[in-house]
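What follows is a pair of complexes built around chain A, which joins chain B in one and chain C in the other.
Then we have the complex of A and B:
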């Protein structure tokens, strides 16, 4: 495209698609799949061969990677499913605001302030306690299909 | 007493025991006489001879007789009841009122060539209500997409599975046929779901089946003719077959389609309850759901007036499938005064012969 192209999207998106197609029959356990527009981790796959029910089909059970909800789907094994691009990025935790937002240090030296604290109770208390004790914390942020969430925590050493 | 005199008395007593005088049957019972092939191969005479051949041949001939009575009955044959409506007193009206015929059959018969006999009955609107199981629906539709083949009862299951062939008795249906069915039916379910959501259409099994009959649009299908002639086809167990598998998958890929079985029980029972002043006749091939569902509907009008069962089930296990018409009388599903016959025979043999001597003969006379 031309040089005058304006980049409105943030660096993370850069025009890349959020999902890619993959034949249902090739998706395995522990992979990822989109069910009802939600990015999910595949916890169970079973295939029923061609028969009285028609074409061979794959039965997927997935866990929504953000909400933890169980979702299922049945797809003909020759059809394409959407597989989400799932990224994990580590950021250093700078601050926690009063209304539950976190301030993170980006690679470029700026701050990322649009993420809320996670809802998972054990992770939440680990972050709050660790931060309160003045520890240096690195949070892992999982992103998929335009959604982001803190999914993990690392303690990089005493202050 | 002399020895010879004693012997005579004993002999006389034994003689009267062994040679008990019998009641004469001449005049009350038919004499048994089979077909004489010296008269050549005359199929009509051969069928006529069944009445006096005995066992199930006689039962089949009796069944033919009952069905003909069912088809010949008119309201004009009954005395005018005191409380009947004015319209019912009119002679021409009374001559036009016929018996309402319920036809029930199991799925395997639609996999067989009996499907084409059923199609004939629907094509000429010779039956009024049909009840069947799910295979009785899909096998008819699938035959319009791809054929069923003759195989053998003894073909080994694992071998057939590896070849993608499904066995129904000595018939074979390739998996591919069901794939074609899936490709055909899923878009129709999508459309039905749209109509449910946008036009408030309330689907029931019989409505869904009528729609499929419309969509198949093929004169070889009995469901097509049932749709054209407004013959309702009831299948309360609609989910128990390939059609049910399709509904199951459709609920994942495009959820929300609702099929109301309560509405259909109103409809099928209504067919019996509101039949009056018509009499009702039931013809049931096989057992299971179709047999019971039709009998139960007729219970709502205190019983059918004519009943013919053709099946191979036996009553010793107490099953409803094997129960004779007399058991249904005890429930009020068939009237005590009804004309009934059970033919213990595979319907693939008995039913085409029965239709030849009843429904099909009547159209011949009209031509």
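Then we have the complex of A and C:
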């Protein structure tokens, strides 16, 4: 492992304040981390040493929160990693359009129409079925590093 | 099959008493009859197969778990104790099978020259190994060797009680038979390295282990003396040195024969040296053996160090392998320690000189050469020394090891010349150098620090300010020879001597590991969990701790400075707990509350300020905010879990001040499962620590808060579905949910405990808080979240059912008031639990059923409605009649008892549940009973069943009341009923 100074090159193309530096040793399982410029959820952290009497390094296994792909990284534990700013917002689902976009009601009363339905069949059917049955659905939308995706839904029941 | 256990036991006894020996005799005759043919012929003859089979069978028979005379064995062994160990139980640890066939077998095994025959057979086989059809590992040789090892573990009444002479003769005969397998060690080992099979060597070692298990060290040592100039112990030490030598020269990753031989021989030493009762090691080992042990230990240290330095540059990436070998190493080191303690007056000075030599080497080479090898050597050395001079506490206060207590005679004036003190002091002095930044950078690698912290933790729990009261008592009661060494040691590091200085050094080293080794989780974990945690366990140490400046520095760093935020959050929690706990050392409760307030005040303020920020919702998801909120919550949780009567008030106030912020955080972080879990865990720990002390008004506040928390949590989570492409993320989400629910159940349980244990001055009823209402309300909220899938998590399942059975036993009346949806859900889970594999869960369900049914029975008996509509049959929406819950469970319980498999432990609990159910639903029971009888086609069985059913409800003057005596009678009835009919009910 080289001991060169960590630099924040990934920050530039990730968009301003989309990520924050954080010491690798403090990132825990279930936290988030940027690996290969993708926002990931950490599913496994293990530490080892660089040589027996060297310093600790962290081995992260992350899962891309948007694509579900597995990514790995090794960082000296006293160095900084980028942690993505992952935001989740709830919207009420108003409509699902033919071309695969959803229409959502924002908190301020406006609508948000730029979000596409997930392409995966099973996820898609979970949303469509619920909506088809006429349930009132709240969808949570996860956004990080300039990407957005529906990550959950919740039936708030008939009023 | 299907027969009672008792029957099997009987069969077993019969076989053991009447047949085993006969079988054995036949087999051994068969074997001897072919022996001559085998010995005479030079090539493979068919008789060899016969003989092999016979030997195998004999081995199997001797493996029989002889029971008939275990009780009288003990008596006999006592008479016999001069030569043979008594502690049969403790030997189980080495997984060595003791063969105790009892006195009946004496003629066959001992007197008939059977052993001699076997040994001569094997001796005759040996020269044939070069012939065709024979080799060292050919079946007959293997079987014969196994049998020989088996004979070595022969013990008990099979030998005459003649002071063990007969046993000794027997062992000597075996020993002289196997000696050539391993003697001379160097020649044998060289032959093995050159390709000879190692099995003779290993079996030889196994024989030593077997003999060690059945003898005392004295007898063990004496055995060899009659045939060789040296004692067995000396031989063992030579043998082991040889094995170790081979081990380190080959030095491969895979398990070689020398590896296995070393483990067996180490077990042998352990068997010999494990202190029994109060007899000290010294009285057990003959002087020659002590010298042998000293030589061996010296050699072991040398080899371990050589291995350490050789492996210093191995950068093993395989951490799983590492972890497995660490625990194996721990075991190995404890065996080394036993050997070292057998010759403690030689080994301690040896360790001291080796240690100081390495330290000198470090100091000389610092900055000039690569020190990795020396560092690794010191690492190993510290581990070895730690094992030798101190025992692991395992939750108790470890004592100074016996050998160290008794082996050194020093007068207290010269305490600082005591070898153990010299050794400890030199290590502490070395460790102290890590406080110097320059030294730290060049010498104290994280790994070395790990061993130092480990050592300090282990050492300090034995020696540092240890049980001072006892020391003073000993001082008063005059100079006991036996204690003088211990006294000198303990008083040297006691409160009034060096103790304070050493404590200060330890705290300063801890602070350094926490602040100056960023990201070294393992090291910091050791510091938090082992070292600091064990320091605050003792109040008299806390008294000194809180007076130390260094401790004050640590507390300040914790409460104000930013650096400690970089620790792992779990470590921060532990640190908070430790610091709060040290408040018990503050003089009075007023001041200790103030101490806690100073420590935690900033943290509570931070949470309060954070949650009241207007833009908190927007910034909350930022990673930096997320991190600091998590840290603060972990710290709060740590503090909450350290509640003690003295600091209880302060911690209550602390929690009270963050109640509303917690709810705000729960709302804001509803999607951040990690934070939600932290929040819940904090509340659980806080309520758990506080609830028994709270006054009525406080209880109301806490209970209200918990209810709001539960409502909020459930409103976030009911009907929620996570969508993700990744299956592992989905299962993570499921696990998070499980952990949350488990925390909620724990919360409800601890709220429940308020009704049981209450230290407050007034009763909670005065404020009108009814705990049962509250908990039911809580259950109402939580149960819809508990799905059958989640109940598959064993811990959650356990918690859920224990809460449920507790509730039903204590407050069945509120249960009746639940709405039907929740009610059905709970019944569903009960049904699920009834068919669970875990006995505990089933018995909890049965207890709940008992509570329900007996409540209903008693209430209806008094003219009340009892469970009311729930007990009645219901027409559901589709118009079908559903059975009432009691009939339903009566049916399924009978089904379970008669036809399914269950543990016999459940029968009495089941009886307790069945009785009230039958009483409630008599007509259904009659109907079911008749059905059962009708179904039986065999008239004989039919009448048996009818009688059994009749006596189930009428025998033993069973009445229709639900009192203790009646329950007991019914238990008996059910038991005999099941014995009578279950056999054919299940099979037909």
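The working rule: the second predicted complex is superposed on the first by the 133 of 159 C-alpha atoms of A that agree within 3 Å, B and C clash if a C-alpha of one lies under 4 Å from a C-alpha of the other, contacts with A are read in each partner's own complex, and residues count from 1 in each chain.
Throughout what follows, contacts are C-beta pairs under 8 Å (C-beta built on N, C-alpha and C of every residue); 3 or more make two chains touch, one makes a residue touch a chain.
Fair warning: this is a prediction, and the values are worked out from it, not measured in the lab.
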For A:123, decide between first (touching chain B), second (touching chain C), both and neither.
second
With the two complexes superposed on chain A, say which partner A:84 touches: chain B (first), chain C (second), both, or neither.
second
Is A:31 touching the first partner chain B, the second partner chain C, both, or neither of them?
second
Does chain B (first) or chain C (second) touch A:55, or do both, or does neither?
both
For A:73, select first, second, both or neither according to whether it touches chain B, chain C, the two together, or no partner.
first
Answer with first, second, both or neither: which of chain B and chain C does A:108 touch in the superposed model?
neither
Hey, is it chain B or chain C that touches more of chain A?
C
The shared contact residues of chain A with chain B and chain C are 50-55
Using the touch definition up top, name the residues of chain C that touch chain A in the complex.
311-315, 317, 319, 372, 375-376, 445-448, 518-522, 565-569, 621-624, 627, 671-674, 719-726, 728-729, 732, 736
Contact residues on chain A for chain C in the complex?
19-20, 22-26, 28, 30-32, 41, 43, 46-56, 58, 63-68, 76-79, 83-88, 118, 120, 123, 126-127, 140, 150-157
Chain B contacts chain A in the complex at 164, 166, 175, 178-179, 181-183, 241-242, 245-246, 248-249, 252-253
Can you check the complex and tell me which residues of chain A touch chain B?
50-55, 57, 72-75
